[in-house]
Amino acid sequence: MSEAREFKYIGQRTIRPDGYDKVTGRANYGADLSLPGMIWGKILRSPHAHANIKNIDLSKAQAHPDVLAIATYQDFPHVQSEAFQAGEVPTDIIDLARNVLADDKVLYHGHAIAAIAARSESAAQDALSLIEVEYEVLPPVMDVADAMKPEAAVLHNNMFTQGLAEPADKASNIASRMELKKGDVAAGFALADLVVERDFYTPTVHQGYIEPHATTVRFEENGQAMVWCSTQGHFDVRASTAKLLNMPLGKLKVVASEIGGGFGGKTTVYLEPVALILSRKSGKPVKMVMTRDEVFRASGPGSATRSHVKIGAMKDGTITAMQASLCFEAGAFKGSPMGPGCMTVFTPYDVENMYIEGYDVVVNKPKVAAYRAPGAPQAEFAAEMVINEIASKLGIDPIELRLRNAAKEGTQTVYGPKLKRVGLVECLEAAKNSPQYQSALKANQGRGLAAGFWFNIGGLSSVTINMNPDGSGTILEGSPDIGGSRASMQMMAAEELGIPIDQLKPLVADTEHVAYNATTGGSRTTFATGMAVIEAAQDVVRQLKERAAAVWNITAEQVDWADGVAINTTGDDRLTVAEICKDAEKTGGQIAGTGNINARGAGPSFAVHLCDVEVDPDTGKVDVIRYTAIQDAGKAIHPSYVEGQYQGGAAQGIGWALNEEYIYNKDGIMENAGFLDYRIPLASDLPMIETVIIEIPNSFHPFGVRGVGETGIVPPLAAVATAVSEAIGVVMTDLPCSPPRVLAAIHGKS
Amino acid sequence: MATVIFSSELQRYTGEEKTTVGAGTYRDVVAALLDRYQGLPADEIQKMAVAIDGEIIHDPLLETVGEDSEVHFLFRISGG
Amino acid sequence: MSKTHVTTTINGDVTEFLCEPADTLLSVLRNELQLTGTKEGCGSGDCGACSVTVNGRLVCSCLVLGVEAQGAEIGTIEGIESAEKLHTIQEKFLEHAALQCGICTPGLIVSTKALLDENPDPTEEEARYYLAGNLCRCTGYDKIIRAVLDSAKVMRGAA
C-alpha cells in the first residue's frame, strides 16, 4: 500500500446507510417475515441432560387436527459421517444432523428431538406435549475434568481420541489432543529465577445476542425452496441445509435477514433444516422462532475451560519458558476451539521455549459455537493472569514486563509463521501514556492490565457493483452486516470511485444474487469483503476509463483518473462518472464491476486493556469504575464502528469476567436460562469505555486494514480479574468474579 | 532450496522438525513431502493451510514456493 | 375460544383488532398489526427490546396482554418520527453510531423518549439507570449514553 495516500472518505464518521431503517423500526430481522398461509413450527426438547431414546410415539400428535407436519431425525435422508466445513467450526455432518434433531440419544437438556408444525404458534406448542418419548436416563457428565476421567460415562461409544502417539483402544470423551512446541521448556525453566504456575477455570458462557434464532421458509412444489433467516453466513446455511436435506445448492435460496447480533453464535444451523422438512411435509410456509430459554439451552454457547499455565522468568523480567495445558469443553459433539486456544495462548510473547497441549472434550452441554475470537479469551486469560503475577512478584511494572517480552515483527509464533509488522508494542506504549494508567487508586480499588491477540482471517468474498445511468451505483455484497459493515463498504467504494458515499448503496444480497461469500466471522468482513469491494470498484474505474477513451477516440492508457473524473491526457477534456454512465449505451452497454477473491494476508490485531474496579468488601460486588481499550486497527475505515467493536468486546469480556456463567444442577439442568439470572452487563453496570485506535497498517491490504471485531474480547477477562485480585489481595483464578466467589476469596484470606 | 517446518502434530509422521525441498509449486512441495515421508497422510496435509514466508494461505493449491522461502503447514483458522 | 375485539389507539391512529385472551400486546403488534419494529428478545420482561408506551407509561409489551390495550393510547417505535422526519433521538443515535446490530435500537429509542419526557436533563447515571432495562449486547452502552445525553441537550435547546 502507498503509505502517503490521502483519503477523502476513509476515516470519516459517516451515517451508516442501513441506519435509517434501524432507528425507525423498518429493518426486518429474522422473526419479522410472515408469508401468506404461513404456519408455525415448535421443537420438542429433551428434559434430560443425557439419555437414550428408547421410543418416540407420534401417533397422538399426528391425530391432532391443528398439526400439519412432524419432523424427526428419520427425515434426514442419507446422512453419513463426513468431515464438513460450513461456517466457523469444522464438524462432522452426522454430528450436525444429530444436533439439529437427536437420533437415538439426547446429549443435553434442551436437545431437539422432534418438531411440530401447526396452524398457530400456541397450537404447535400445545401439541408438543402429545409426543410420547421413552427415555433411559444416563448419568450426566457436566465438567471437562470429570469427562476426562477414565471412569466417566461416555457420550459417544464410537469416539476414540485423535492425536495420541498410540491410537486409542477405548472410546472416551476426549475427542482429540494436540500439542505445539518450540525450543526446550525444561531448559527454559532451569534458567528462570521465578516460576509461577496455577490452575484456572472459565465457565460456559453464551454469546447473548438479543435476537433469538428465527427463520421463515417455503418449500415449493417444483423442489425449489427459500429460507429467510438471521445468520452470519447465509451461504453456509445453504451449504449445511442442502447437505442435510440432500438438495442441490441451486434449488435452495437463502436470504439473510438483518441480524440482531451473532458474535459467532449464528454461524451454524439449528432451525432452518427442520423448518424446511416441516414445510415440505405440510406444503405451507413455516416460521420458527426460538424462545430465549431455547437460545440458552440449545444454541451457542462458548466453551468452559480448565487450564494449567506455568511461566518462568529471570529477575530482569526476561521470560524463559511458557507452558500450558488447555482443556476445552466442546459440548455434546466434538469441535471446541481448542486449536485456536493453543495457537493464541502465548502469542503476545516473543519467548524461545514454549510447550502447549490442548484437549477437545465432550460433555452433556449444548454443542459450543464460535464466540468472538473463539478459544482465545479462555486461553489468554490464564496466561495473562500468570504474567501479571510474575510482574507483581518481581516488582516490575506489568507494561514494562510485557514490553521486555513483546511479540513484534519477526517473532516466531508457536503455531508456524513469523509475525509480520504488528502493533503490540504501540498498544503497550499507549497504555503506559493513558490518563487512566497515570491516575491514582483509592481503598478497595484495583487495576488490571492485559494484552490480547487474535489472528483474523481473510477468505472468500464476492462483490458486484452495478452502475446506474445517473452515475450512482449499487454494491451487491454477501456478508451479513452485523455491526455497520455496509458503511465501510460504501466508504471504500466511494474512495476508489471518487464519488460521494451517498451515491453508492450497499446491499447484502441473497445466495442467488451474488457469488459465494464466506460467513461474517473471524473479523474478516471489512478486511476481505472490503478488498473485494475495492477490486470491484477498480474494475468499474477501468471500464469508465475505457468508455471515456472511446468517447475521446484515444486509448485507455491515455486517460487518467482522479476524484471521480476521467482526464484526457492528450487534451483538456474531462468526463465525470455521471457523464460516462449517462451515455454508457453508446460506448458498449451498462457498466458493472466485480471482485471475486479469496483474500489472504489478514493482519493480526493486538490489544491492551486497562481496567479499574472497586470491590465492596461486605458483599463481594465488583464495580468497573474506569476502562480503556487500546487496539491496532491497521487503518480504521469508520472510526466510530471500530471504537464500537472495542467497546462491545470489552463489555462482553467484563460480563464474562464478573457475572456470566451457565449454572447447572446435579442432574445437568441449566438453572439460569434467562436474562434475569444469566446477567449480561446493563447500562448501569458499566462506565464509559475509553478507546485508543492504534494504526499500524497491514501491508497486505490496499488501505492497511486489519480485522478488529474479535480481539477486544480477549484482554478483559484477565484485566478485570487482575483488578479484582489487586483490590482484595487474592489471585482470582476462577471466573466469574461474582459476589459469592469474591466474598469467599476475601474470607479465605482472613 | 525452500525450508519446510513441521508442527508437532506433523512431526509424529516426519520424525523431524524441518526439511528442505526444491522450490516450485505448492503441489511440487506436497508431492516431495509425501514421497519423502511414507506415513504422512495425504488427505490431512492437503486440508491444512500453509504459511509461506509468514503469509497464511488457506487454499494454497496455486501458490509457488521460492528458493529461500519458509513454509509452515498449520491448522485452518476461523473465528466468530 | 372466541376472540376478543379490542379498540385502541396506536401512534395516534384508532385501531381495532381481534385477539386471544392469552395473546400479549407484543404478539398483537407484531403478528396481527404487522408493526414489527417492536422486537422480541426474551418474552419475560428482561431485555426491553419490546418497549412501548401505554398511556404514556413505558412498559415491556411482552408483559402486557393485548386485551389490556382496550381504550388505551399505545406508542411504538413506528410513531416516534413525525411527517417523515426523524426525531432528534433517532438522529443522535445515528450520529453517535449508537447501534451496531440494531435489534435493541427501537426499544432503546422508545425508552429514551420516555426518559427525556420525564427528565429533560438527566445525568449520565440517571440515564444509565433509566435504561438499565434495555439490554444491548453490541455496544457496551458508551455510544448509546452519549447519544441520549446529546439528544437531551438538543431537545432542551429546541424547547
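Per-chain numbering from 1; labels A, B and C assigned in written order.
The rule is simple: a contact is a pair of C-beta atoms (placed from the backbone, for glycine too) under 8 Å apart; a residue touches a chain by one contact, two chains touch by 3 or more.
Please read these numbers as outputs of a predicted model, since none were measured by experiment.
Undergrad: Line, ring, star, complete or other: which one describes how these chains touch?
TA: Basically the chains just string along in a line.
Undergrad: Count the C-beta contact pairs for A-B and for A-C, then tell me which is higher.
TA: Top pair by contacting C-beta pairs is A-C.
Undergrad: Nearest whole angstrom, what separates the Cα centre of chain B from the Cα centre of chain C?
TA: 56
Undergrad: Using CA atom averages as chain centres, what separation in Å is found between chain A and chain C?
TA: 29
Undergrad: If I count partner chains per residue in chain A, which residues reach a count of at least 2?
TA: 207, 263
Undergrad: Applying the document's contact rule, which stretches of chain C touch chain A when the two form their complex?
TA: So the residues of chain C touching chain A come out as 20, 22, 30-31, 34-44, 46-47, 49, 76-78, 80-81, 86, 90, 93-97, 99-106, 109, 124-125, 127-129, 131-145.
Undergrad: Inside the complex, what are the residues of chain A that reach chain C?
TA: Touching chain C from chain A are residues 13, 15-16, 18-20, 22-29, 31-32, 34, 122, 207-212, 258-263, 289, 291-292, 482-484, 638, 640-641, 643-644, 647-648, 650-652, 674-676, 680-686, 688-689.
Undergrad: For the complex, which residues does chain A have touching chain B?
TA: For chain A paired with chain B, touching residues are 85, 87-90, 163, 165, 178-181, 207, 263-265, 267, 339-340, 343, 370-374, 415-420, 454-459, 521-524, 598, 600-602, 700, 710.
Undergrad: Help me check something: in the complex, which residues belonging to chain B touch chain A?
TA: So the residues of chain B touching chain A come out as 5, 7-9, 12, 51, 53-59, 70, 72-80.
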